[in-house]
Amino acid sequence: MDLMMHLPVLIVVVPLLAGALIVLLNHRKGAWLITLLTSIFLVYASVQLIQMVGQVDVISYTLGGWKAPLGIELRIDALSALMVLILAASALLVSIYALKSVEKEIPEQNHVLFYTALLLVIAGLIGISITADAFNIFVFLEISSLSTYALISMGRDRRALHASYHYLIMGTIGATFILIGIGFMYVMTGTLNIEDLAQRLPAVADTNAIRAAFAFITIGVGIKAAMMPLHQWLPNAYAYSPSVVSTFLAATATKVAVYVLIRFVLSLYGIEFSLVQMPFDNLLMILGTIGILGGSVYAIYQSNVKRMLAYSSVAQIGYILLAIGLASQPGFTAALLHMFNHALIKGTLFMALGLVFFRFASTELSVMSGMGKTMPLTMAAFTIGGLSLIGVPGTAGFVSKWYLVIALLDASLWPLALLVLVASILTLIYIGRVIEVAYFRPVPEGRTRQKVPLTMMVALWIFALSNIYFGLDTEISQGMASLAVNQLIGVTP
Amino acid sequence: MMIIDWISDICLLLGGILTLTGAVGLLRLPDFFTRLHAASVTETLAAMLLIIGIILDTGFTLDSAKLMLLILIMIIANPTITHALCRAAANGGNTPEMETGNPLQSSSQTVSQSSQDKQVQTETEISGKEPK
Amino acid sequence: MHELLEHYNYWIVVILMMMGLYIVIASSNLVKKLIGLSVFQVSVFILYITFGKVTEGSPPIITDNTDVYSNPLPHVLILTAIVVGVATTSVGLALIVRIQEAYGSIDEDEIHDMDDKDDFHIEKQV
Amino acid sequence: MIENLQLLIDVSLLAFLVLIVFASIKMTDLFVVTMLFGIFSFVSALLFLDLDAVDVAFTEAAVGAGFTTVLMLSALRLTQPYENVKHRHSVLALFIVILTGAALFYGIADFPDMGDPNAPVHQHVAPEYIQLTQQKIDIPNVVTAVLASFRGYDTFGETVVIFSAGVAVLLLLGMGQVKCKQEPEENLVLWVVVKPMIALILIFGLYVQFHGDFGAGGGFQAGVIFASGFILYSLVFGEMYARRVVPAAILPRLAALGVLIYGVTGLMSLLSNKPFLDYNALSSDPVSGQHLGILLVEAGVGLAVFSTILLIYYSFSGREVKHHA
């Protein structure tokens, strides 16, 4: 048995079965341990997969031994491998962090099921990232979504319940839209495999059905990705969910939706159809711009820091969409880089807030007064994350913004490049508010230096330092991104 | 063979007519219990006649054996369901109309209980008519 | 007659979808929203099953009587989708029960007002 | 003749569906809306039957008309059965709905005709499924073959979906507890009739489970039917007794076991270095390997679905009505 050969399917099946195993064993500490071991395996597997992709370009794995359009195929190219790496790394850090955080925030009788749901979300998102079957995307989308609804509702505030319900309604509408889109493509071509679809679509590309399918998939994925006018579910869902959940979701969930969009736009429809024939590039750029400005402005007005960052996530999705809308090689590279870097940034920020919540059971701005002195390490990490979000040189955030601005200038869209800089100033304002309160407001009376668990601190600092590392050494992230782009648009480097 | 075909046709026809009367009764009868009575005609006798008609038409195959089982289950289940519904309605404070001599003359307006009114409203709306 | 009926299913399915979506968006009752969502999903199921129908075909269970079978693939897809639908509905209902317990209401507008009050309350503390 | 009849049924059932949904838009009594939705599901199940989708019809009837309705009624018990009558921002709603509808009408305009055997859907992959099922899997029900073998990975996902729904409901509502006073009223007729009925339902569930290769049915439908037998028992005799027969605490484990059975069956093929879910590896003879594989995964699906459905029911029915403070 050659396990290496089966890694593509194992990275989905192992977390799924681990989730079931946790329920079967029903042991509280064991649940955490299994989650941790699973995530370690996932990180190992994703690194292996990246190396394999470097050698053979595309790994194809046919499930059940049935060839592609008949059976379901898993396809891992550089883009999928990058997604799996982001997911696996976030999963590992989050599960280290979860040990103490879950103990604090979740009632004891729910721990086992909480970890199960977490593993199912991870597995679902990985499943979406590596499948080459349009319908299979829907199935794994629902696995991750259902568990996400449950996880969000575990927040202590009653608003978490409402936020979760709201997400359930919008998310299901989104998923059903995707289902409609897939159906429309299926009826015109008779196949569900993405490669096969890509081959058969050009013959029927000039039909209403295919254009409508494109619209439905875009809107459906747009809801899941919190594209600006469809973002209403996101702020409260992130703000009121438990720290572990908001960290993992902020680092990964919307990115997977953007991944699906890229997959459909580039691998399936092809640039020719989606970005040239349809006025999709302009649409994406407009939506991206709205997202950047709207998200940033909303973020400034929030008094809850978690919700502020949630709105900031909406803005960051705007950057990614804007970059995709450029329909150029530098644009796509910038988009993928930002997906990677934003995961690091938001992971850091939400974890830091999780520590604040751990101590003070609140993430209101007022609570953070003087926190630079009472929780210096946490706030230092938060500051690194914040600087990275603004795009200060030497941080990961700078790299992706740099690439985005270059790509914009390449397309001689200097007003948009200016806009990106303006948006950075907006980011500076809302992050600055937090920093100001934390470092320059007085420490509330009687509050001393706070202790926090080591595991949580370690996870936080790994995230924070990776922001700096990937800000200085861009070889890995940039190399992966450009390899993925070259594979997607069929250019050999 | 001819006779069996004839019997089958008669069964189907009779079943159809009974279904129709049941439906009319469900719409026109005044209160919950009389309506349930009308519905029970449809779900026992009419359904059974239809199935018998089909059995006779197809001859004796595995399918018709399954249909016979279906009849058996319907004989047991449907009256029980009607019974349970009646009991539940009676326990829920819904009493049959006893005073009015001819139930057909008591229109839905005279039925005072609100739950019955709602029932009437539901069914008239489904049938596309305006409630009074 | 037949020409007119060839797209009949699709038209009705679209109307059903629109009605389902309308219930989801326009109704402020959480249970009714969920029912609307189910109607929306079931109409998509009908769409898929309509794809699979072959004229004069029979169910895709191999028998000696016929060679023309309807397409089994949409059936398989929709079996999965039905499961997804019931899963979503049950999670949604569980959420509604918890919302009722926490807010004392299942009317979305009322819940929104209460949410706003919660926000305001916290801001006042600040 | 038969075709015209099918078309006639199709047309009238669809018209029914529209009427039912229209009525439920108008209704404000949630009990009525719930019952209408049950009818809606049942009529759509009939429609699926008419469109040759027997397995789908079976599932929709068991799930949509049966289980979902029971669940909604249980939820209404815990909430409020009436809707506040008001139509808010219906202009926005209408706008969105009309926009969506327009896109849909635009899209369906150049669909192939319904039932056209030359449509791409019937030309590309489907014929191979039918052919290969006869050659390599050798079971009559092509849907089961595609479900469990060709697209077994999807079905694995489906099993996990229902499992994750169970986990979610359990996280939200807990398993619930039953007080002794919650016994239902004495009803001799029901008691006498229901007892043999439950036996029949359970036998039918087993039949559906193991007959899925040959006719409509399979693990999913069987799981729902089996669970509905226990739900009936708990409705008529009291949940306390039902919980004595199947304790709530083992249900999550059974569901997890179902998922594990499916997953491990898939992993077995890895031992002989064949891809995940390749049942040919299960036996020296590929065809009997397929049979064994399908049997095992269907058993996994059945177990997972049965326990999850019953678990969800327990969670709802075992929860006490709490009044908001």
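As written, the chains take the letters A, B, C and D, and residue 1 is the first residue of each chain.
As a convention for this text, contacts are C-beta pairs under 8 Å (C-beta built on N, C-alpha and C of every residue); 3 or more make two chains touch, one makes a residue touch a chain.
Keep in mind the model is a prediction, meaning the values are calculated, not measured.
Farthest from subunit A in terms of Cα centroid separation is B. Distances from each chain's CA mean to the overall CA mean are smallest for chain C.
Across every pairing of chains, the maximum count of C-beta contacts belongs to C-D. As a whole-number value, the distance joining the C-alpha centres of subunit A and subunit C reads 27 Å. The centroid of the Cα atoms in subunit C and the matching centroid in subunit D are 14 Å apart.
One simple way to say how far apart two chains are is to compare their mean CA positions; for subunit B and subunit C this gives 30 Å.
Residue positions of subunit C with contacts to 2 or more other chains are 21, 51, 73-74, 77, 80, 84, 87-88, 91, 95-96, 98, 102-103. Counting only residues that touch two or more partner chains, subunit D has 104, 108, 111, 119, 121-122, 125-126, 129, 151, 154, 157-158, 161, 164-165, 168, 172. Chains touching one another form the pairs A-C, A-D, B-D, C-D. Those residues of subunit D whose C-beta lies close enough to touch subunit A in the complex are 103-104, 106-112, 119-126, 128-129, 132, 149-154, 156-158, 160-161, 163-165, 167-168, 170-172, 174, 252-253, 255-257, 259-260, 263-264, 266-267, 269-280.
For subunit C in complex with subunit D, the residues that touch the partner chain are 5-23, 25-29, 31-32, 35, 38-39, 42, 45-46, 49-63, 68-80, 82-91, 93-98, 100-107, 109-110.
Residues of subunit C that touch subunit A in their complex: 21, 24, 30, 33-34, 37, 40-41, 44, 47-48, 51, 73-74, 77, 80-81, 84, 87-88, 91-92, 95-96, 98-99, 102-103, 111, 115, 118, 122-123, 125-126. Here subunit B touches subunit D in the complex through residues 73, 76-77, 80, 83-84, 87, 91, 118, 122, 125-126, 128, going by the rule given at the top.
Residues 135, 138-139, 142, 146, 149-150, 153, 157-159, 161-162, 164-165, 168-169, 172-173, 175-176, 179-180, 183, 186-187, 192, 303-304, 364-366 of subunit A are the ones that touch subunit C when the two sit in their complex.
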